[in-house]
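In the two complexes that follow, chain A is the common piece, with chain B as its partner first and chain C second.
Up next is the complex of A and B:
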């Protein structure tokens, strides 16, 4: 659209023709109030707050529905307009309960703000207000009808944004009321059967929709708001955690993303919004545990636990060699921790026996893309893509943000979505064409695409550019074939769907027996030459380590944030001859068998970076705090120290540090330390005085890991920075263990909307939501069978 | 509209507003809340429990609905109400002495209010 120039309050503004006046004004810093207008949703023009005066038009116009054109003249602030807005607020307050002192929204309520601004504080309304009792629609959503101002944001968000359509409106005039979708039961109109994303609560401008986990807990100004990254799935949503002082540290009371930072904007799913409470679980480990002489785990001090663990590790390394020890890494720890873990395994223990619970075959992905740059798609690319081919996967359940972005892109930008799947997935409603892979399966996909006979393959071929997103259905050779197909065409980029918050980071950071960080083979000559005593031969994969344990050949196993006993459905007795050290949040099936259990901090209680499955790296800021636990980074440094290593060879801190930390990287709790470090920097002193500072490891990652050349300004400002996997190509003759020979190493988690592996199990909120969903399902099946 | 000169204009205003309050779809704030508020105030006022400030308030509300609503239903509710207060202020004031409607008498049929 060509740009047009128009006048607002005497200021000349320029915007593309057809832009909504409210958007153009907001972009120019002119505030126009609105309740019903919400960017990205359909227009409502119901609240009449955004009224402005347009020259030569008799009535006041709503800025949310007025599109700008050349030469128009608007006035947005005048006594007439102020009076109109004040009157609207007076009318709203006529039926509004004015219980601000107990309302959750008090302090961050749009109605409250407007009332202060336009001064409608005195009411002339003496009639009795409409009252309806509060309703609980689900464990997550409460509805307080009297507070509702009927802006319909929730209805549109649920329908258009989420494609769930669980909310609607009943009655008319002053009796209008928002109702959830479950009707006709004894609690008709009071239950919600939906994805429980909580977006309706998030967009509610007042306190009408409140969150089951946050309501009546605190006030907005009593919290610190820390912007970090969600720890659940691998989409990497930015999340703002509301944190408050507690007896044993500081607790998280709320999660949302109202500042709309990050790739996800204001979107969060049920897991991100309500599933943070696993950190408060009563089952959380807060003291190290050491197995005593009678074979029972008993609480111990950190010093004792580290001494026991390192004593045994050192003894086994020195007597039986490093290869008698195995290391299992985590899909949820930060990049710095994963990097440090493999460096610890390779240089301190001296073994390549390191692996993680693979949920996706990133090694094959990196290998197939070797030698090509610009062929991976970031989440931002997907959000703006003209055409997307989604093969396999079930984004609505496993990647809610991806599903949201695809839906939004189709709805707002008319993107074309093509779906090839062996199941019917919800996103098919947005698809331009679908290919049913129930017969033939994913092996037939490429033949089918190349055939050029079906409508589907014709449509794909007609696309000038394409992003191919594929799920874990593709492993090993299948990944290579799919990518080879795409590389033959111009403008095809790829994304591969993994499961956990840092699955990609674990792979990128070399938690592989045969690959160093950046997918460099351990056998490559000269690789990571600065590592002292790097073993040259590939080590054992996770199943091989477990086999070795069963055979009695594995002296010790260090497990960081993983649960191989449950994940591989292992017979616990095979670990009886192995000294087992587990770093975890909970006493999982694996931790219960351990000789030493070290309580670890969750992702919400540490700093660092994580990489989502699309390769977008983001900064993690420490939000909460829990007495007794330590970040895995610190635990690893302590283990190395306990084994008699000069830890500065492991973490380049002190004088070895390279670039300075300007202090933006850590959370609210470390404000003092941050100011201190700024002062140190300004005085030419070295800010990284601690070996526990993960950013020291980030410097080394940037220096040594191909593909991790980071735009630090962007990263530290809280934005996402895209990275690409770099790996020597197939022509080098190197075949990663996982890539072609053992696709069975990949075991996908298949999480649902309300499950998130070990973390989800310890989340009360997610448990309740899962139960609620099961109840609703049972009820609807009962109703169906009664109807038959 | 043709109205008998015996008709109480406050009652007529109430009858009109009851219609619009019932018909309002509830989409936009000025119409949804305004018609409801006016209906409630007029009901109380007509029953003899009004105050002098209510008269101004009724006019104020109606004037603030006029031209601000999504569709013309709100305008249609506001315009006659403004006219009733402006042209028949005396009849509104006659309702102020705490009595039931001064125009209620034998033989004059009551307007039904929904």
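Up next is the complex of A and C:
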């Protein structure tokens, strides 16, 4: 649309024709109040707060429905308008209780703000207010009817935004009331049968909808608000944690993203919004445990636990060699921790026996894209794509943000979504075309697309640009085939779906027995040459390590934030000859077998960076705190220190003074200079002062890991920064996909909306939601069988 | 719907005639949900009120959620969710009728029937409702009994009206050929 110029309050503004006046004004810094208007949702024009005076129009106009055109003149603040808004508020307050001092929304309530601005706090009504008791619709959602101002935001958010349509409005005028989709009966009140995302609570401008986990706990101004990244799935939503001081550190009381920063805007799913309470689980480990002479785990000091662990590690390394030790990394720790873990394994222990619980085959993805740039799609790309081909998976359950962005893109930008799946998934309702892969399966996809006979393949072929999103259904050679198919066409980009919050980071940071950070083969000549004692032969994968343990060949196993005993359904007795060190939040099945258990901090209690499955890096900030636990980063540094290593060779920190001669013959590449200092200097960065500072590792990651060239201004501002696996081309030891990966190593988690592996098990809120939805399902099955 | 059920003809709560009428009605509009309000009215005329089963079947027929059906149905005061009497007596008490004695008429109905507003007599024959304007101001005070109007009323006419409806029930009971409801 061409730009038009119009006047608001005497200021000349320019915006594309057809822009809503309220949006144009907000962009220009002119605030127009509105309760019912919500960006991205359909227009309601129900609240009459946004009224403005338009020249030559007899009555006040609603700014949320007025589109701008050339030469219009508006006035947004005048005594007349203030009077109109005051009258609106007075009517809204007619039934609204003045219980702000106890209301959850008090202090961040849009109605409260407007009442302070325009007055009408004193009512001229003499009638008694309608009072109804509050209702609990689910473990997450409570409804306080008298506070509701009938703005319809929740209804539209649930229907249009979430495509759930679980909220409605009954009756009319002053009797109108928001209702959930399960009717009340004599036995129980009204219930919500939905995805329990809590978006309705989030968009409620007043305190009518309140959250089961936050209500009546605190006031907004008593919390610190820390912006970090959700730890539950691999989409990497930004989440703002409301944190309050507690007896043993600081506790998280709320999670939302009202500042709309990050890729997800204001979106969070049930896990992100309510599933943070695992950090306060009574089962949380807060003291190191060491197995005593009687074979029992007993609490110990950090010093003792580190001494026992490092003593044994050192002894086994020195007597049986580094390859008698195995290391298992985590899908939930930060990039810095993963990087440090593999560096610890490879340089301190001296083994390539390092792996993680793979939920998808990122290594094949990186290999298949080797030598190509600009072929991976970030989440922001997907949010704005014209056409998306979604193959397999069930994003609504496993990648709620991806599902949200696809829905929003289809709704607002008329994007074309194509779905090829062996099941019917909910997103099919937004799809332009679907391809049923029930017969033939995913192997048939490419043949079917290339045939050009079906409407589906014709539509795909007609797209000028396409983003292909696929998941663990494609592994090894299948990934290569699919990507080769896309690379033949211009303008095809890819996204590969994994499961946990930093699965991609674990793969990118080289938690592989055969791959270094950046998917560089350990056999590649000259790779990571500055690592001291880097073993050249590939190590054992996780199943191979466990086999070695069963055979009695594995002296020690260090497990960081993983649970191979449960994940691989192991017989616990195979680990009896292995000295087991576990860093974890909880006494998992694996930790229960350990000789030393070190209590780790959760992602909400540390800082660093994480990479979501689309390759978008985001910064993690420490929000909560728990006495007794330590971040995995610090634990690893302490383990290295305990083994007598000069820690500065592991984590580059402090000024080391060896800047060397930067002349042609004896420059940074000569091997004599401190390469890290030279690099820092060249990039205008300061050396980090603490060995426990993850940013020191981030510097080294940026220096050494291909693809991790970071836009630090954006990263540190809290934005997502896209990276691509920049695997080197064939000339530097390229290994074909088929030779690289064993697809059977990949075990997808298939988490649902309310499960999140080990973390979800310890979240009371998620357990309750899962139970509630299971009950609703049982009830509706019962109703159906009764109707039959 | 269970998959087993979906294949066979789904069970209906409506008479075959009404079901056939709905089948045609749904196809009449470009968007099937446009048929919602006429369906609600016809369903109420036949069943007497909008039971849960009626709401569920209408939702299924036009492929919207039951919640959406209720969103619309609860908006209209002429749509009921509880059974009314066979003859639903709606007494207008808006201004014209009120000025010409609607409340006296209403009170007389209450006495004669022994029920209050929204009440149903024990035999299920009559229900009484106080309603807003029914558009018969020229002949105020007026009442509407199902789809029939009675106007220029006086309290003394009330027993006669009730009696006439009772008589109609008895006539039908005696005449098997007239048993079918015509005035609904």
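Here, the second predicted complex is superposed on the first by the 736 of 788 C-alpha atoms of A that agree within 3 Å, B and C clash if a C-alpha of one lies under 4 Å from a C-alpha of the other, contacts with A are read in each partner's own complex, and residues count from 1 in each chain.
As a working rule, contacts are C-beta pairs under 8 Å (C-beta built on N, C-alpha and C of every residue); 3 or more make two chains touch, one makes a residue touch a chain.
Given the structure is predicted, the values throughout are model-derived calculations rather than measurements.
K.L.:
For A:122, select first, second, both or neither according to whether it touches chain B, chain C, the two together, or no partner.
P.N.:
After superposition on chain A, A:122 lies in contact with neither partner.
K.L.:
Which partner chains sit in contact with A:46 here, chain B, chain C, both or neither? Use first/second/both/neither.
P.N.:
first
K.L.:
Examine A:95 and indicate which partner it touches, taking first as chain B and second as chain C; both and neither are also allowed.
P.N.:
Touch status of A:95: first partner only.
K.L.:
Counting residues of chain A touched by each partner, does chain B or chain C come out ahead?
P.N.:
After superposition, B is the partner touching more of chain A.
K.L.:
Taking the superposition as given, does A:181 touch the first partner, chain B, the second, chain C, both, or neither?
P.N.:
second
K.L.:
Applying the document's definition of touch, where does A:646 land relative to chain B and chain C: first, second, both, or neither?
P.N.:
Neither partner.
K.L.:
Tell me which partner A:172 touches in the superposition: chain B (first), chain C (second), both or neither.
P.N.:
Touch partners of A:172: chain B and chain C.
K.L.:
Give one of first, second, both or neither to describe whether A:133 is in contact with chain B, with chain C, with both, or with none.
P.N.:
neither
K.L.:
In the superposed arrangement, what residues of chain A touch both chain B and chain C?
P.N.:
Touching chain B in the first complex and chain C in the second, residues 169, 171-172 of chain A appear in both lists.
K.L.:
Can you tell me which positions in chain B touch chain A when the two form their complex?
P.N.:
Listed in rising order, the residues are 21-30, 32-37, 40-41, 44, 53, 57, 60-61, 64, 67-70.
K.L.:
Provide the residue numbers of chain C that touch chain A in the complex, in ascending order.
P.N.:
Chain C residues touching chain A: 1-2, 4-5, 11, 52, 56, 65-68, 70-71, 74-75.
K.L.:
Give every residue of chain A touching chain B within the complex, in rising order.
P.N.:
45-48, 51, 59-60, 83-84, 87-88, 90-92, 94-95, 124-128, 130, 149-150, 169, 171-176
K.L.:
Show which residues of chain A lie in contact with chain C when the two form their complex.
P.N.:
The touching residues are 165-172, 179, 181, 183, 784-785, 787-788.
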